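You will see two complexes here that share chain A, one where it goes with chain B and one where it goes with chain C.
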Partner chain A sequence: MSLTAWKGLALYLGAFLPLVYIAYFIVPKRWRWIVLLGASYAFFWNSSKILVVYLIAATLVTWGSGLLIERAKNSIQKPEGRKETRDERKQRRAITQKRMRLVCTIGTLILLGILVVLKYGSFIQGVFIELFKADAKLPLAKIALPLGISFYTMSAVGYVIDVYRGKYAACHNLGTIALFLSFFPTLTEGPIGRFDELAPQLRAGEIARGERLVYGLQLIVWGMIKKIVIADRIAPLVGMIFTDHTKYEGVMVIIAAALYTLQLYADFSGVVDIARGSSELCGITLAQNFRQPFFSKSVNEFWRRWHMTLGGWLRDYVFYPVSLSGATRSLSTWARKHLKGNAVRIVPTILALLAVWSATGIWHGADWKYLAYGLYYFALVMVGMLLEPLFVAFFERTGIKRDGLLNSGIAMVRTIALVIIGMMLFRADTLADFVQMFKSIFAGPGTEPLVNNLWLSFRVSDADLNIALIGGALMLAVDIAHEFDIALRPLLLRHGTALRWAVGIALVAFMLTFGAYGPGYDAIPSIYANF
Partner chain B sequence: MIEEKKNRDMATDAQNADGQQPSAKGGNSNAPSLLHGIVRSLGFMAVLYAVLLVLSAVVTPRNPVVTLGLHFPSQFDYTQLDRNSLDLIFVGDSSAQSSFAPEIIEERTGVHSYNSARPLQKLAESVEIADDTFNYHHTKIVVAETNNFFHRTGIRMVMQDIGRRVCPLLRYHNNWKLIAGGHMNDNPIGLAPHMGYKKKNHVVPYKGGDYMKDKGNKISLTPIAEYYLNDLKKSCEEHGAILVLVSAPNAREFSFARHVELARWAKKNGVKYYDMNMPSSKVGIDWSVDSRDGGTHLNFAGATKASNWLADRLYADFGIGNQPTKEK
Partner chain C sequence: MDEIKEQVHDMLQEILPDVDIDNTDDLVGSGAIDSMTSIMLVSAIEDEFEVRVSPLEMTPDNFASVDSIAALIECLLDE
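Entry: the complex of A and B
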């Protein structure tokens, strides 16, 4: 059972979640977190079995690191009976800071080390063997990945660093840390939780009733529509074109990349909606992970709206530390001395941006194409920064309003085009495949399969495509409403029962009638579950 | 400065989140009473269920025609045969589908049968199909092949079974494509060849050892499997049919432990059980020539032996059919 494919989702929504909800409801408030902890470990065990030891190890390291950081902080007492001098205070703080940093570094390295060995070990081995032309087997290639390791490791590292930074106190309760890292709705695809936001809710034992319960259920249904009506209907078609990409050129390649973009958005945001809806039933609000990303006017903005919890994590735990590092300060000093104009502003950010975008790419998987995916965005951001003075001059001279309707529209279309190219790279099996596909866009119109309907096989009929596009249009309509700050669910709640019930029933009926599930349909694993 | 920016970002995010779901915090302030909520929820569920039943009626095939909404439609082809023309029905997974050839059985004893098995057919589906045949035929014997008694008999099977029965939309929902194209009453495939039996001639020998050796291990039917088997037995009794359990030759999956467990259940419930894997059964399977995939499934030569053997036993034990003809 998992949240990633219709077979797992059916079991999750039909049995697991109702049982958890009932148990959560009937157990006294103060014990409810134990129900969640038990359910989370059962959920984890169901998909990863003995690999639960990695989760337990991460939990113990996270918990222990927090306590040791706290201990290091209080390791030198202030002198008793007299006031501490400034030098003594400074010295005491320097020593405790050093000890705290040591614990934080060790804890973080252990957590990341487990992730690196399990997720990237085989890749790194392969690189070494390739470099030194060694004839060796890859013992790490057969290591299985526990469910959600990328997600819970990031939450764990965030906690350890936050405790080190003094953002909040270390948590003494091992159970709370265990639940924070294993909370079942977030295990599969996040969103990546922050301890200070999530832990108090997990321990509060609140239960959703009334409109909050309705919101939770609505989110689940909406997520299911995205996943099984839109994403899973498109998946075979996208897979067919990307697998046999050499047969296609021109417009067909563009259509495949655009459909994959829709598939990924519907798939990932759908599963996250199911996770958020499930949490809402237990009175727990998870962080938002998407905010109408396709209304972005730049790739920077896109990444502030897409997978927001990953972007936020990288900002806090990669971008800021690298920005404040000695290397960046040296680079900044050098730039001020030797460069002029825009370059003085740009050069010092290079290191931090490179680190963030490389991490973004590599986080998605152990493959060169993912690193290239991250660097693609790094290049776009750098080009944007370099061209910024030209844009400013252009708008000043022409008098065109930069935030005007026309320019905003052009900027959105440009961003979507750049994102679709990025998605092509993301989906292609290898870097070479991406290059071949990208070139083939310009090889010819490639409209023949489109005109003759040859590209629609039995498994993906025009009916499938039409339903997926209707679903996509529905998603777009909802995103437009949200972009204009129209909160649809509260709006619906203000209307009479008849309309609310009609909408709810229509959505469930739409999902059950047009969903790609049941006999004859493969269970299509969610894309981000692999990361 | 960093903290300021972080706080600002967090505040913005919170604003955005609230813009989309202002209920998230404090949503319980206007919460209705529990009873009120339960009554409303039940009302909603009732209306929803009524709508789903209407949609189920729309997508469910009116005639028992073969449609895209059915997985492996050949398993339902007993609905297309002349009414009350079947004496025997086979249910089970690929092990059954590849082992029992109705045409061979008819030639041997004149018994008219249909093989409604299919790859990965779950026990719940087997029970449902056996039960459904009584709506079309006065079936005298239901042969349940035992391989799927030990596969996927968990909670997921129960859920799927309940879903199919309670809301046919879950099973036939894909027929919206046929309705949209005006092909709802078409029969694009036609009657399955060989009365549902899957005929394969090629040979891949089984090279393993004696798979029926007693290794001292124990295997048990799950309570869910036993529940469905009891259900099947009850259904057969209600319709005047005889339930017969048969373990088809299967060198890779069958074991002595399975035989012991099946014999236990059959004895306890007064059901006839044939195990073609036991050397004492003398089916005559030669694993060097009678398997198509190295011991899991029989080829046509193996199926001929198994079908003739079964026809003879059914005649001998239940008097079904005519005096067996000699093998050609």
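Entry: the complex of A and C
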């Protein structure tokens, strides 16, 4: 981590967060949310300065859309003095529903439009130039992105759609909407918030004391270990191989992809832990974003355990609406009448799955490789569905238990391998680079750098690797405990204060001693902050 | 209502042939019904009962058991 990045993190943990906590503690409960709002905007301003206008615009559109949907819902009154007939009720609902849908559509399009123009504008422009062989300078240069725009836009769109669906009433308080979208721990890398889960907590003004305070601090330390001990130590080696990928083949490419997978998991989950820990200090529990993803037995399961708030959002606001759309319903009815067996299951879901996986890919960035990343998982899911009858027949005939230890182990290894290939695509600079790297795996053994101990040429010492691997082993141990529902913190609590303090001090010492920061370490910004 | 439950049970058996419907307490929590199978089930429900399921009704509680699915259908029929 560069001196600048380290200063940023030190400033956040050493000054910003303690000041927020102290102010939160001092201020009367009913005004604490204003402390959070002020801190969030200060945090945003520090990173994005004048781009705060986009956050403000999104806030106003979100708040206004909710109110207008509510107004549309109540725009036609029931008849006075007599009972409304069934037909009158149906007609009233049809008209108000149409008005509500219009407001929801416009609000959503504005919110997504801002995101599309800022994040994808120059990419789309480039595609047009390529398609029409234009030579002109087009107006959209690569625009700086406001901090967290991909995250807060999704939270905003989710709110507008939820109000339209009647999940909860529109919020009349602009400050609450502003805080919901800008809450500082979630700006950098999420998790993506749901209004009904987060807003009441943001306004409650609860403060962490005792055990909850300790929990928050523990999460922050654990997140720091994952980020600066594991992720940032692996980053130089990964960067070196991916940058000069034409020099490597075979096992070196596999190692780079596998290490990148570990780096990304440690980086992303680490920053989310810091976010969750920071929130806990203010008595706010954020949604979980990871649930031991590398214990998954299929890619479907992996995406239910990895970046869970993104998956949940896409399920609720893309998958279900597309699945329940007229087009999919017609396709489903046709499939039930004209197809047999597995095809009846698969065909109706194609459209919705294509929408979800395309969105998954392009949400990550404006590049063909991200779309390819999403479509890679679409292909895997479709192949899995098509092969399902063969799997069922195989297990029936062989008598092997599908959920037995042997098959579960094989399934986990298979899933990890598929995920690592996906991560290689994700990390490669371009789609073409990924194709070259993938082919090079089979070009030769590529073991020379290992045999000749060329790690130092990657600016990675044996110590770096050992520390990263020890950190990785620690992370794996914690994940194993969680997978078997062993709650580690209560376990520590039961064994007395002395042990808890010893473990805490050991972890902090581990972080401070082995964190990759200071002179000699290059800038390693948080990976998902780029999205 | 019993007739609806019986029809729902048959639908689930067709969509989830490997699942012991009668002895699974929570069809969603156990992973028997996920987002894809829920869509297949919704499609079957809409065809059979001529109702319309909205995204708001796609909740784990509504699809947790034969009883809860039947209750949802009953509710939609009353609208």
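In this section, the second predicted complex is superposed on the first by the 521 of 531 C-alpha atoms of A that agree within 3 Å, B and C clash if a C-alpha of one lies under 4 Å from a C-alpha of the other, contacts with A are read in each partner's own complex, and residues count from 1 in each chain.
Just so it is clear, a contact is a pair of C-beta atoms (placed from the backbone, for glycine too) under 8 Å apart; a residue touches a chain by one contact, two chains touch by 3 or more.
Bear in mind the structure is a predicted one, so any value in this text is a computation, not a measurement.
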Which superposed partner A:D316 touches (first chain B, second chain C, both, neither): both
Which superposed partner A:N300 touches (first chain B, second chain C, both, neither): second
First, second, both or neither for A:R345, with chain B first and chain C second: second
Touched partner set for A:A208, first chain B, second chain C, both or neither: first
Chain A: partner with more touched residues, chain B or chain C: B
Which superposed partner A:F514 touches (first chain B, second chain C, both, neither): first
Partner chain in contact with A:S332 - chain B first, chain C second, else both or neither: second
Touching partner for A:V392 - first (chain B), second (chain C), both, neither: second
Which superposed partner A:G166 touches (first chain B, second chain C, both, neither): second
Chain B/chain C common contact set on chain A: 315-316, 320, 324
Residue ranges of chain B touching chain A (in the complex, touch as defined): 2, 6, 9, 13, 16-17, 19-25, 27-28, 30-32, 34, 37, 44, 47-48, 51-52, 55, 59, 68, 70-72, 155-156, 159-160, 163, 167, 169-171, 173-174, 176-177, 180-181
Chain A residues touching chain B - in the complex, by the definition given at the top: 7, 10-11, 14-15, 206, 208-213, 215, 280, 283, 285, 287-288, 291, 308, 312, 315-316, 320, 324, 461, 463-464, 482, 485, 487, 489-490, 493, 501, 504-505, 508-509, 512-515, 518-520
Chain C-facing residues of chain A, complex: 165-167, 300, 304, 315-316, 319-321, 323-324, 328-329, 332-333, 336, 345, 348-349, 352-353, 392
Chain A-facing residues of chain C, complex: 15, 18, 34-36, 39-40, 42-44, 46-47, 53-56, 58
